[in-house]
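Lettered A, B and C in written order, each chain numbered from 1.
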Amino acid sequence: MTITINREFKLEDLMLDNSKNKDVVYDTKNLNLWYGEDQALKNINLKIYENEVTAIIGPSGCGKSTYLKTLNRMNELIPSVKTSGEIVYRGRNIFDKSYKAEELRTQVGMVFQKPNPFPKSIYENIVYGPKIHGIKDKKILDEIVEKSLRGAALWDEVKDRLKENAYGLSGGQQQRLCIARCLAIEPDVILMDEPTSALDPISTLKIEELMQSLKKDFTIIIVTHNMQQAARISDRTAFFLSGEVIEYNSTDKIFSTPENKKTEDYISGRFG
Amino acid sequence: MTIREKFDVDLHSLQDAVIELYNKTEIALTKSFEALNTRNIDLALQIFEEDRPIDRLEEEINDFAIMVITRQQPVATDLRRVIVSIKIASDLERLADYAVNIAKATIKIANEDYVKPLIHLNEMHKNVLEMLTLAIESYREEDVAKAKKVAELDDRIDELYGIVIKDLLSLTPDNSDKLTQISQLSFVARYLERAGDHITNIAESTLYLVKGRHYILND
Amino acid sequence: MRILNNEQITNGIGRRLLTNKFTKVILFIATLFSLVVLAVLMYRIMNQGLPKLNLDFLTKFASRRPANAGISGALVGSIWLMIVVVPFSMVIGVGTAIYLEEYAKKNWFTSFIQVNIQNLAGVPSIVFGLLGLTIFVRAMDLDRSILAAGLTMSLLVMPVIVVSAQEALKAVPRQLGEASYGLGATKWQTIKNIILPAAIPGILTGSILAISRAIGETAPLIVVGALAFVNFYPSSIMDSFTVIPIQIYNWTTRPQIEFQEVAAAGIIVLLVFLIIMNSIAIIIRNKFNKRY
């Protein structure tokens, strides 16, 4: 047997900035954000590219979750939030008065830290999104349920118990159900806020593999505390610190030869 | 001691082990020429004996490096430190093997007078040791300038190698009874030339450690 | 080096265990005390009232003769009152709670309202009676009707319902709401489909307690003008009426000893009425609970 090294793999190539021929999904320009008097984000400039997994890493309180929640305007649920600057999503500033948050959120789905299925059946969880947007046809809903559950690699595990309560699923299955629920509204972008922090290693692996397969059809932005995870699954990594983007580059570059000392200190666990 | 302090200590121990390996290798290389110059078979045999601890130390460095990777999952510069220590240890072990090979050659030719004084060969050897010291210094101090200088010294070794081989070939017609000796001496020259290449590798590893990308020094 | 002295710890254990036992006994006695009082009370009431409790008592109207006295007028009156109080207080109370909890901006004005609602829950019921008399009976000219009394009682229980419903809404995990908003749902869709169903068990528990209070309440109804002597069934919410507690109060003020027995029977009916109300609420609550 002969073993051939994959000649297409060249580290130098991977580290090159290949962003030129990619579509920009989100273009954040001079974004500042305050919670009351506290500034949580400082002059953020970041481009998120299509069909990539972008990881956001940084210590607690660095603003990474805040930034993620700004991308689908979930932080508006907190009354004291003020922002300046703009986030252009597919050519449109999401802070425009005419841009309704509900409209944005049908394009930008979100998966949360703790699996949070609704206290309803598996089926009802999936169709919740389509239903609130006015889809009532049972046939279409059935189709959406199957497609979404297949997309989240959960169909085979739950196809015989769609009417059962979602709380009967394991933690990992619940999180995949939440991903399926998100897929049901056929979003363009999926935001994930530490989606595996409450899961065991096997479930984590399943979600990570899922992300790799979802990347073909979606743009994924993930906030994670787990640096190995960021290194494993993401194409691009942004390092946040005290509300600022310290370094944003290809994941290969960030984890092998970071340009900023602070980045290196953080990824090698020597922070502070 | 925090976990990361322990990690730093581990990285240091790894470096210390590599430097210890260097010390042993350097002694072996020095002794090999002492034996060659003085046609001392006992000393040559001693080099054989002393090669075993060197092999063992290299294995230990590998095992320790793997343990550090497993437990600390280093990234970026830390990871390169560990990987580079493995690579340098392997180069050093190889250098020690050349010392053994030189000792073997010594044993084969120690019972007869040399066809000529080993001037150029000794100069080569001197250069190799100098290079090695410089390469290890560059590794210990993570000094890019020193690493680049190692490559320059290697050019001199290659040049000397050419001279030595030419000399030995020119002696062949008149010394047909000493063909064994001539071929063994040219082997020794060959070992030194290879040693130079391995030392250049050490310098390259150092550059990779510091810069995070590969440089080719021995062209 | 150990800072703690092992010997000291060992020596102290006996004393601490003794204190533990002692406390347990005291607490048991405290529990026993209320149980005994309740048992004595129940015994006395059952003893007096059970012989009197029969179909006649349930179907007859009040009478000046103890032998003929029945509770049907008051029982029906209480049911009528509940028909007004339950929807009014629940809709307004839960509505207020939803508004304050989900919609209202957190500013000085909403916290002012919040504090006032909490204070209202502690206002003596007689004050609500006077309020009802002034507003519903006189100003709105509803007269001494079931509606006037029902609205008065709704006001009385509403603060408790608002506060407990707010607590129930707060207890719904925020992540559930976030998940719904994240899918593009509006606030009302989220409240209607996710938050309210999840909060209903809690809301019902609070409402049950509040409405139970309304069933047993006498003072404001006397002020609003529930009659003590009723020998007809109310036919609409504009009719005059009486309720069980007023009827009982009325009987206990009579000099004849037989009326004490009638009153005891009335109390039993009131208790059964409360138990039925609570059971219905618990059944509804469990039905919602099963979806979890």
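By definition in this document, contacts are C-beta pairs under 8 Å (C-beta built on N, C-alpha and C of every residue); 3 or more make two chains touch, one makes a residue touch a chain.
Predicted, not measured: the structure shown is a model, and the values here were computed from it.
Participant: By mean C-alpha position, what chain is farthest away from chain B?
Facilitator: Taking each chain's C-alpha mean as its centre, the farthest from chain B is C.
Participant: Of all the chains, which has the CA centre nearest the overall CA centre?
Facilitator: Central chain is A.
Participant: Would you mind pulling out the distance in Å between where the CA atoms of chain A average out and where those of chain C do?
Facilitator: Inter-chain centre distance comes to 48 Å.
Participant: Could you tell me the distance, in whole angstrom, between the mean C-alpha positions of chain B and chain C?
Facilitator: Distance between chain centres: 92 Å.
Participant: So, what's the distance in Å between the C-alpha centres of chain B and chain A?
Facilitator: Comparing mean C-alpha positions, chain B is 51 Å from chain A.
Participant: Once bound in the complex, which stretches of chain B touch chain A?
Facilitator: Of all residues in chain B, those touching chain A are 3-4, 7, 72-80, 211-213.
Participant: Taking the touch rule as given, give the residues of chain A at its contact with chain B in the complex, in rising order.
Facilitator: So the residues of chain A in touch with chain B come to 12, 227-228, 231, 255-258, 264, 267-270.
Participant: Taking the complex as given, what residues does chain C use to touch chain A?
Facilitator: 105-106, 173, 175-186, 189, 193-194, 197-198, 291-292
Participant: List the residues on chain A that touch chain C in their complex, please.
Facilitator: Checking each residue of chain A against chain C gives 72, 74, 77, 79, 102-106, 109-110, 112, 114, 116-120, 128-129, 132-133, 165, 167, 178, 181-182, 185.
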